[in-house]
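The same subunit A turns up in both complexes below, where it pairs with subunit B and then with subunit C.
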Partner chain A sequence: MKAMFLFAGVKWVRGCGMWAVEAEDLRKSYPKKIPLPFRRVEWVEAVRGISFRVRRGELFGLLGPNGAGKTTTIKMLTTLLEPSGGTARILGLDVRRNAREIRRRINLVAEGERTLYWRLSAYENLKYFARIYYVPKDEERERIERLLKLVGLWERRNDLVMNFSRGMKQRLAIAKALINDPEVLFLDEPTLGLDVQSAIFVREFIRRLVDEDGKTVLLTTHYMAEAERLCDRIAIIDHGKIIALDTPKGLKKLVREEETIEIRAKNIEPEKMSSSPFKMAVIERNPETGVLRLRAQVDEEELPKLVEWLVRRGVKVLSVERREPTLEDVFIKLTGRGLRD
Partner chain B sequence: MILAVVEKEFRMFFRYPLRVISSILVGIVFLLQFVYFGQAVLGGRYSALLEASTGMGDYPTYALIGYVLWWVSVSPMEAYVWGVRRELQRGTFETNVLSPSRLTGLLFGLALSWLLMDSALMAVVFALGAALFDIPVTIPLLLKSLPAIIASLVAFLGFGFIFAGLVMLLKNIGPFAQIFEFAMLFLSGVFFPLAVMPDWVISLSKLFPLTHSVNIVRTLFAGGGYSDVGSSLLWLLALIPLYWGIGYLLFRWAERTTRVIGYGGY
Partner chain C sequence: MAATELRALWGVAVKSWRIFLSYKLWFISDIALGFFFVGQALLIGIGLTGERNSEALQELTGYSDYVTFAVLGFMVLGFGLTFLSGFVWSVVDELYAGTLEYSFAAPMRRITFFLGNVLTRILLSFVYMAFYVPAFVLLFGLSFDPVAFSRAIPVLLLGTVGMIGMGMAAAGIVLYLRDPGPFISILEMLVFALSGAMYPVSILPRGLQYLARTLPYAPTTEAVRKVVAYGYGASTNEITYLLLVSLAYGLLGYLTYKWSEKQARVVGLKAY
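Then we have the complex of A and B:
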């Protein structure tokens, strides 16, 4: 009996620890084919041993290019995928052994707009999810009303989701993810494909969830500015590994200001850039004018060599300026390429 | 939670009256084709040969019972195959999996919704068929048939879990499921007596709950009682735990494997 109390006590203490999310040497491999009995399959590593911890009430970002392993990580942490190795704990609970308990206390805004029932109204969607999350019946109505008002959709509550704009769908998806009042909220590319206004609304909303409601938020993004403005700490992930983890300010310290160069140029063939010996990446293309913005990390000695290298390849350099480093520069410095490459 | 799934599915289905009407029309059209084809082959409505081998000589009654029961019996499988696939395509499947509700419960709710919707549609088809072919149906007769029908449907609700697991794993198994559905149509004596089939087919047909439920209901409609179909009843009761057991075990294996490769979408 005593042992039971002790065990329960240890579990309680672990559950109430300061860490909302803990990942230790977390790994995930996918089979190339469905692993049926007696079938030999090859496995591809998507996440290669990542470790990080997120404090309660922290807004933590996983930043990386497409295919870096962000979504796979989030799916393992939300119990949707079985990790191949390592451990992950949410609110002190093991993702392998305590999946159901974890699911009660977390929620996820998945990537893309098709996570809702388009043939149901906004209200009906939230009612359905309230039921499968076992929201007490006497709280259901009030909670749905509060959430719909919070995301500005109360007036449209009876409209079918299929008639909503992408931004409205995303706001409803966030309301849906708050239906069980989760302690930890996971957001996978929450502003992907949204118009500027909707993206601003979503970002401000996420920040308020942390600052005012004390929620823990872990989001993935490949938007540098979003991660920089929003997150308390950021883990940069590439090829399934965390290559840097710090506050946005701390990360930017990895790049010295005097090394950060922005070049505006024309006549660039991207395939020729890939063989560049310099840490450089295209960060913006203007399809109308053909002008490209390049960011590079080069010191005073390297700068003339870089310009010469570009000119020799027929690139028309329009301007060269020093700039304050951004997270994009951090990524270029760490990987030698840009996020969009 | 199961009721929440049923409510959601009903809302989405009955929100489009045209879809409901077209489902009933499809049901009627297929029934008419089979009944008229059967009558043309038999040379009329009554067949002594049919009565000798099945105990029921009136072909429209024979076909109507078999057809309606077949349609309703395959609906849990349809729900698991097309319903789960639709959720995968919508992207809502993972959202459901993420909830603390058990996946088996959510899927059972889905199958139950489709079963209830198909039952409602088939009740209309049955009523129309009975009126069109002047088949005498009484409420006590229907109530008497209900236990056999329910036992058959319970067996299929369990068996369908195999398909739910396969859909999660392989995604597109619709054609395979259809082959199974149509095999059942021919191997359960829906439109013609099994006596005309080879012995091994007759033996195989005993493994389908539908074979036994149609036999029971036809016997009841022909004026018999449950005591006349004791062996069918026993078969039916034995198949329920067997189908649920196999269905559940295969589903759990598929679910575990799916957690390794990901639920994903389309």
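Then we have the complex of A and C:
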């Protein structure tokens, strides 16, 4: 009896701890082919032993290029995928053993726009999700109304989702993710493909969820500016591993200001750039003018060598300037390439 | 807890129903296709036997009227297929629409998701029957006795256990396949061919007869027909066999689905 109380007490303390998300040496491998009896299958490591913790009420970002393992990590944390190794706990609950209890207390916005029922109205979509998330009957109507008003879709509640813009669909997806009043919210690339206005709305909305409602948010993104402006802390992930974890300010301290160079140039052939011995990446292309913006991590001695290297390859250098480091520079410094490479 | 799960079940059923109704032409084509399919099979049967009443059929099945024999078989098969299609298409439809992940990320039990979809299809199959039966009565002079048919409902429910099991096993396999479309088409054709709906299973080659009797459809059809025609007393063997097959499929379906779901979470298939 005493042991039972002790066990229950430990469980309660875990459930009420300061960490909303805990990952320890978390791993995930996928088979290249479907494993069948007598078939040898090669496995690919998508997540290779990542560890991090997210505090309650924190907005935590996983920043990394496509294929870095961000979505796989979210799928493991939301119990959609079984980890191949390591442990993960959400609100003190183990993702392997307490999947259903975790699902009651979290929610997610998945990547892509085809995640809602396009042939149903906004209201019908939320009603469906209210039912499958066990929202009490007497709260259902009021909650759906409040959420639709919150994301500015109340006037369009009876319209089919197929007639919504990409931004409206994403706002509805966020409303869906709040239907069970989750303690932890997982957002996978929440602004991907949105127009500028919608992206601003979504970012401000997410920030308010943390600041005003005390929600814990874990989001993935490959937009550096988004991570920098939104997140309290950021883990930079590459090839399935966390290569840096700190506040945006702390991460930028990894790069000295005097090392950060921005070059505007023309006539750049990307294949010639891949053999560069310098830590450098293209961060913007203007298709109309053909002008590219490059960021490089070089000190005073290396700078002339970099310019010479570019000129020898037929690149027309238009300007060279020192700039304040960004998270992109941190990524270039840590990996030798850009987030979009 | 049970109440919340029931509300979730109803939520899934209503969602499926609304989505189905949003494709108005599907509804019309489903009814038309079913009608033409059965109508044609009936005409072929009558063409081959030469007349509606066949002595050979009477000897094999106890039914001399081919139309009554086939319509009864079709009704049982139509009901039975709702479980198979309810389970497999609920995964495939949502998979193709991209919505499966959100439904599976919810705390609702997976079986609730499947049964909600099945519920809609059962309702639809009743709606279709409401069209078919009067049409067959009018066109073929079908002698449909609702009282005799309702006598066989407990047998149909017994067969339902096996058909749900079959649906769960198929859903488990579908979760594991990269492209489930061809598998489902072959399975549905196989079930139709071996169900004994349009012809007695005993006319099939011996190997196929065994196969037909290892699936839950033909034993259900045969038991229902016998109970309707002769009552429970004369159908003990058929009902006992159906009980065994149904329990076996119920268990097999549950185990296959649990294994497949676990595997899908491990290897990351579909929307997982």
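In this section, the second predicted complex is superposed on the first by the 339 of 341 C-alpha atoms of A that agree within 3 Å, B and C clash if a C-alpha of one lies under 4 Å from a C-alpha of the other, contacts with A are read in each partner's own complex, and residues count from 1 in each chain.
In the analysis below, contacts are C-beta pairs under 8 Å (C-beta built on N, C-alpha and C of every residue); 3 or more make two chains touch, one makes a residue touch a chain.
Every value quoted in this text rests on a predicted model; they were computed, and no experiment measured them.
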Superposed partners subunit B and subunit C on subunit A - clash or fit: clash
Look at A:Leu116 in the shared chain and tell me whether it touches subunit B only, subunit C only, both, or neither; answer first, second, both or neither. both
Does the superposition put A:Ser198 against subunit B (first), subunit C (second), both, or neither? neither
I'd like to know which partner A:Lys137 touches here: subunit B for first, subunit C for second, both or neither. second
Of the two partner chains, subunit B (first) and subunit C (second), which one does A:Arg103 touch, if any: first, second, both, or neither? both
Could you look at A:Thr335 and tell me whether it touches subunit B, subunit C, both or neither (first, second, both, neither)? neither
Between subunit B (first) and subunit C (second), which, if any, makes contact with A:Ile34: first, second, both or neither? both
Residue by residue on subunit A, keep only those touching subunit B in one complex and subunit C in the other, then list them. 30-31, 34-35, 75, 78-82, 84, 100-101, 103-104, 107-108, 110, 112, 114-120, 124, 127-129, 131-134, 176
Can you tell me which positions in subunit A touch subunit B when the two form their complex? 30-31, 34-35, 75, 78-82, 84, 100-101, 103-104, 107-108, 110, 112, 114-120, 124, 127-129, 131-134, 176, 180
Per the touch rule, the subunit C residues reaching subunit A in their complex are 4, 7-8, 10-12, 14-15, 18-19, 22-23, 97-99, 101-109, 112-113, 176-178, 262-263, 265-269, 271-272
Can you check the complex and tell me which residues of subunit B touch subunit A? 1, 3-5, 7-8, 11-12, 15, 90-92, 94-102, 106, 169-170, 256-257, 259-263, 265
Could you list, by residue number, the parts of subunit A that touch subunit C in their complex? 28, 30-31, 34-35, 72, 75, 78-82, 84, 100-101, 103-104, 107-108, 110, 112, 114-120, 124, 127-134, 137, 176
